[in-house]
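What follows is a single structure, and I will ask about it in a moment.
Going by the order they are written in, the chains are A, B, C and D; count residues from 1 in each one.
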Amino acid sequence: MADFGYTVWILIVPFVTFIVLGLFGMKLKARISGLTGTLGLAIVTVLSYATAFRYFLGAGLADGIYQKIIAFNSTWLTLTDRLHIDMGVLLDPISVMMLVVISTVSFMVHIYSLGYMKGEKGFERYYSFLSLFTFSMMGLVVATNIFQMYIFWELVGISSYLLIGFYYSRPSAVAASKKAFIVTRFADMGFLIGILILSFTTKTFDFVTLTDLNGPAITSTGGAVFLGMSVMTWSMILIFVGGAGKSAMFPLHIWLPDAMEGPTPVSALIHAATMVVAGVYLVARMFPVYYFAAPEALQIIAWVGAFSSLFAAVIATTQTDIKRVLAYSTISQIGYMIFSLGVSGYGGPEGLGFMASNWHLFNHAMFKALLFLGAGSVIHAVHSNYMTEMGGLRKHLPITNITFLIACLTIAGLFPLSGFFSKDEILTAAFHHDKVLFAIEYLVAGLTAFYMFRLYFSIFHGHDRQYDHTPHESPATMTVPLIILAIGSVFSGLLPFNRLVTSDGAPFESHIEWSVAGPSLIIALTGIAIAWVMYRKENTLPDRLASTFKHSYKWAYNKFYIDELYLFITKKIIFRRISQPVAWFDRHIVDGTMNGIAWVTQTVSNRIKGLQSGQLQQYGFVFVTGAVALVLFFIYLIK
Amino acid sequence: MNSGIPLEYYLIVATIMFFIGVYGFLTRRNLITILMSTELILNSVNINFLAFNRFLFPGKLDGHFFGLFVIAVAASEAAVAIAIIINIYRRFTSINVENVNELKY
Amino acid sequence: MSLDNFLMMRHELVLTLAFLIILVAEVFTGEKKKEKFRGFAVVLFAVVTAIGMLPAPEGTLFGGMYQAGRTTTLMKNILNIGTLIVLIQSFTWLGRPENRDRIHEYFMLLISTLLGMYFMISAGHFLMFYIGIELATIPLAALAAFERYKNRSAEAGIKLILSSSLSSGILLYGLSMIYGTVGSLYFADIAARPSTAALTILGFIFFFSGMGFKMSLVPFHLWTADVYEGAPVSIAAYLSVISKGAAAFIFIIILYNVFPVIIDTWQKVIWVIAVMTITIGNLFALRQKNMKRFLAFSSIAQAGFFLLGFIGGSKLGMTTVIYYALIYIFTNLAAFGIVSIIAEKTGKESMDDYDGLYRTNPKLSLTMMLAMFSLAGIPPVAGFFGKFFLFAAAAEKGFYVLVAIAVLNTIVALYYYLLVVKAMFINKSENPITYFKSDFMSKLGLAICIAGIVVTGFASGLFEMIRNLSYGI
Amino acid sequence: MNILSCLVIIPLLTITGILLVKDARQARVVSAIGMGIQLITAFIIVFMYLSERKAGNTDQMLLMSSYEWFRSLNIYYTVGVDGISVAMIALTSIVVSAGVFASWEMEDLKKEFFISLMLLATGVFGFFISLDLFTMFLFYELAVIPMYILIGIWGSGPKEYAAMKLTLMLMGGSALLMIGLFGIYFNSAPDGGELTFNIIEISKITIPIQAQRWFFPLTFVGFGVLGALFPLHTWSPDGHSSAPTAVSMLHAGVLMKLGGYGCFRVAMFLMPEAANEMAWIFIILTTISVVYGAFGAIVQKDLKYINAYSSVSHCGLVLFAILMMNRTAMTGAVIQMVSHGLMTALFFALIGMIYGRTHTRIISEMGGLMKVIPFLGVAYVIAGLASLGLPGLSGFVAEMNIFFGSFEHPDTFHRVATIIAITSIVITAVYILRVIAILLLGPVRDPHYSEFNDARWYEKLSILALLTGIVYIGMIPSGLSGIIRDSIMPIVEKLM
């Protein structure tokens, strides 16, 4: 088997960049630090692509099956006699695919940011954080064991926190970053407990051992049963909670729309293409365990994914902030991927959902990054986030217009763009699994097409608004990445994923099932058509519709009040009902007891001062009484 | 030598004297009287010593000697006490024990 | 009786000699030289102390009435050292005009009380013990009333003398009962003829009350605070360390030598009294503002701690009692020394007057802090070692509950000792005690105390020596 | 002379040096030099320890030496170190040095301040090297008492009350401890023979179980008070908030570790049977500590109070892990001690520095400091991240050891307790991020802030010393964890 030892550098390079820019960035010129970061990423990209080519073109194959290759592994910390945390690089189809996705998008974002972030204060800080993120995300995907994954999982969380709060003097950004971190942290607690239970049952963290079909995770009968489900199922559900948190699945999705407070390229990289799909990756990584040892968990995953995709799509139709629309669209699309894993089987054609999910992940990374970067380009031009303040931009931003349109068509799933292929496979997998879920996803497909084109038409069509200055096309540093990503979006549908990324590593045959794909195309087109009618030209139709469905619209517009619910729980319950009473209890009861002891002592001391009255005869009385009392006590009571 | 009065009688007298002394110490207001009450206590002790010696251990004279020494010591004690009482009288112009209570609590 | 035998009484003899020298000297000293006489007397006493350190024969005299052993010699030496410090500390005070013509009296009275204590410690018979205890008490009353023109001094004197006569009456009453049951007042005889009759117990408890008075144990302690406050500072110091130390020594000797048979009873009595003493002493000390009164109550609580060494009846117990007494002498004398220096220079005795003392008189404050820490049992000063071993002695025999009560009380004690530290170091004052220079003798006195406080704890050799001279039941 | 004793002697020599210098301003230089030497000595000891181990010496304690003290009571001055003490010594020397630099601009009574600080250091170092219960106890009390002076004189706010409360509660703990030590001592020779205070000697025999049942809780609670065991932790918020910077650092950073260290070195190691029997009570209490401290921290308004409650939570975790009685959890406990020591010292140092500039510690009265004092701001964020257990920083390593170790227990009770304890990591994130958001981020609140200087050289030195430790442990934990794992073995074996 080929030597992939050099892949360690994929981790080392961005880390070094992070350290260098973090410590000495202040001293460097802004441009130099930007270029340093981009150069580091270029190296990573080259290495990732090289690895991908080598892996998929033979080096990863053995007996016609793509193997799991441990390119590097070293013990970082010994926990118990059998559990130890390793740091290493695991190469298998999904991790290699992720390397490509992350390095591509990240590289594009690095280049794009050179233009987009130009002149921002803290440019070097921005690049240093980007490097940290890239490092963490790379570490996450190449993790050889679930604990390494958890470590990098936390690190991507913190990078996300830092980048969302990049404009730290803006209170909304600060609040958003805090919210993102705490929500995901809460989910990570589930992940950690899940790991605890899993590792306790299986005595290993290692992915290779865990996903081995004869390994302890799969062969164990699950042991104890708790609330009707085996311990294994519980642990896998808890692990999924972690994934759901990162991937912003309902009901842990609330942080993602707010996370749009960060710079737009960051949203493209972290909150659209890479970090948020970590949950999908996690489930894919543990897929055999889910499938064989915790089928109930997989069922839950399917429903969570389906519901999230529907839920987010509905909200997306009502939002006016373009980045928020994209954020809800992201949730919806990730819901697709998660759902797809939930309805997948294992091995060969059975594993269609698994393959489709990963394929969609790949395509989604391309077109969603493209959408965000396009949105960034728009925002850059008009200095606003609200589509109500935009219109007719296609004349001013020709390149952005074209690329954005391509992305919208892709996400709507029009043949022969990449989105069509992966979405079709997902629907096919669902069709064979569960008809209800399948119906939901059909609906979502239509909604997706509708809200994407609502967005597109609102921004690029209609008539001009009053702009402060005439919008103009972005510089080349920004448009080139758009073009590259557009190309990616168009053509990634042609990649033979069924040969490369499958649930068991073995290629299988799959083709487009037109009985599923045909209606889906029609639904998508219908969605686009409705959007055309409603938003192509300025008219009153949307408003009339909104007032007809006043209540549902209001609920959707307010994101079904989930945020308020959270606010209620945190502010009212945790802050008011738990923390303040705890603080009060501590001050007044626990501390009060301590002070009370002191008070009692003082009081007693004051009360008995009369004993020392200064009267000689009273002293004598006490003396004699004391003596007599002792006598009585010892002679008549003790004896 | 035995006069026919049994030991118990002496002891009862001594005990009564002891408690009269204590009672006097606790109730009289005049310092001199208080001093006298302590002499009563000491004398009750002397009776005890002498009676025990005489009745139970006539062979040795421990008790007798003890009595003598107690008397001597009591005298010196009284001397010092009275000297202080005189000083009290000078300072407080009274020898009422209740007035002598500047120091308390 | 040969000269050798006589040398057994060396401590007493030397002391008597010193007494006589002072007496004679008074006659021949002119009016003007009287002030200088202080120095002579202190040096004389230093010589007495030094002679006490020389090796001496052991044995008994006067048919067993007087016993001299290495333990008693040690105890006397400890008391000598303490008295020497007291004398050094009283040097300045004696120089006052109103005291000038009574310097001799002061020395003679003090020496005679010490003599009384020696006889008490060396007693082999209760008669000797009684004479000793009275000799140690009566002159003290005179000393307490030494300041003729102060109401408080007179009050202290009368309270001391009358309380003491009541207590010695009760003590004697108890002794007469013991005499009645045993038929002898020789220590050896009483120990050899065990009697657990109710009358013996009754006698013992009366005897105990008398000793409790000397050691100021609750509920026999009420005179203590008033007398300490009213008496001159050096006499209060003397009362609180020397007199109390001597009482503790003879008490433990008597408990070990005379009443080993009724150990069950006296352990219970001591248990109860110790708890009461420590607790009540602490509770009262908590509130005090007058430094002398404060130290009085603190010394009551300390007396309770001594009882923890008694209760086990073991060799370790006696060792720790003697060891702690030594530490306690240095510690408490340091505290009293500072109180007396400040009282002497400024006339202030209240704790509030000590506010901000550190800023003006840092050295005094530091010494006081050491003393307070030592009293509270904080390492690395000697008090820590003393307390630790005392508690160990009680724990050795399984009195864990008593130890628990005692250690919890040390927290209360720590509180009020820290109040003094707080006053000196932390509190700020509008008009603090201004800076003053102490004279040589005050410094010398404090220096000895500091050396004692710092060294005694670490000097394990001293502890071992005391242990070799101690014994258990 | 034994090199370990140097750790006690150097601070004492430093005190002498401070006394000798004329100018009070020189006191800080003398202290800095003294603690510099101390730091070097500490690392020489670490090196010596490692090389000795490498040479194959498998004794439990290395570098031992023993001097007779109170012969008849069998009290020796015995010193020796294993991996745990070595780790604690290194921690202490770092924190003390950082503390000296953090109090560089001490204004009032400089000499006295540094003398008290050195005295405190003497006590702490002495405690960690002692193998004799008596000397250990002596150093323990020696470390506690200078706190009174330090807080009382140089503190802020209700300092007198806080100082008194802290001292009395800690001494109350040591009072219980003293009884416990007597219990151990007088039961150290159940089959006759000589009583001993030597920990190693006592660990070879079994103290009668009836005695253990009495004295284990006393010893554990006695040490536990210093380790902020619920409900005896209330000295901590008041004490920490009133103490001057360096004292908060030392106290939270090092002194509280005395509690945890004592708990397993004395209470659990010497009385394993009772420890096994009674652990459940204390597990409940420590679990409460962990969660309760974290919740308590959420609503605090004063920076120091937040950290004080956070310390209650984190130190609760130390005791919690110790009670889990297996190798991993106890290793985690020790790492947590080191880690918490470093990061909480850093926190308090930073709070002191921020306070020195803004003259307030109420978080709602500050805002946007990151912009004006970025160095301090970034350091605060890193300390916060370490505190909430971010991988790559020390807190994570400790917590993972603790949680995985605790979860090793097959019974439900331990595992439920573990899961409850885990929730603290979320709550910690809440209060840490809340502070960071209000204090450092957002718009600059006050135009005067622009006059602030960022960290000065001595402040940077102090911060960097602590940060290095945090990052080192977080990045390369295997060194520390390896040393501790080996050394914890004898204790765990005894507990099994």
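By our rule, contacts are C-beta pairs under 8 Å (C-beta built on N, C-alpha and C of every residue); 3 or more make two chains touch, one makes a residue touch a chain.
Since this is a predicted model, take the numbers as computed values, not measurements.
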item	value
Between the pairs B-C and A-C, the one where more C-beta pairs touch	B-C
Chain B and chain C, separation of their C-alpha mean positions in angstrom	27
Intercentroid distance (Cα basis), chain C paired with chain A, Å	78
Approximate Å spacing (C-alpha centroids) for the pair chain A, chain D	37
Centre distance in Å when chain B and chain D are each reduced to the mean of their C-alpha atoms	65
Residues of chain A engaged with two or more neighbouring chains	598, 609, 612, 614, 616, 620, 624
Multi-partner residues of chain D (each touching 2 or more other chains)	168
Residues of chain C engaged with two or more neighbouring chains	158-159, 162, 166, 170, 225-226, 287, 415
Interchain contacts, given as pairs of chains that touch	A-B, A-C, A-D, B-C, C-D
Contact set on chain C toward chain D in their complex	316, 319, 373, 378-380, 384, 388-389, 391-392, 395-396, 400, 403-404, 407-408, 410-411, 414-415, 418, 421-422, 425-426, 460, 463-464, 467
Contacting residues of chain B [partner chain A, same complex]	22, 25-27, 34, 97-98, 100-105
For the chain C and chain A complex, residues of the former touching the latter	158-159, 162-163, 166-167, 170, 198, 201-202, 205-206, 208-209, 213, 218-220, 222-223, 225-226, 265, 268-269, 272-273, 280, 283-284, 286-287, 412, 415
Of chain C, residues touching chain B in the complex	126-127, 130-131, 134, 138-139, 141-142, 145, 148-152, 154-159, 161-162, 165-166, 168-170, 172-173, 175-177, 179-180, 183-185, 225-226, 229-230, 287
In the complex, chain D residues that touch chain A	165, 168-169, 230-231, 233-235, 237-238, 292, 295-296, 298-300, 309, 326-328, 368, 370-371, 385, 388, 390-392, 396-397, 400-401, 403-405, 407-408, 418-419, 422-423, 425-426, 429-430, 433-434, 437, 440-444, 477-478, 481-482, 485
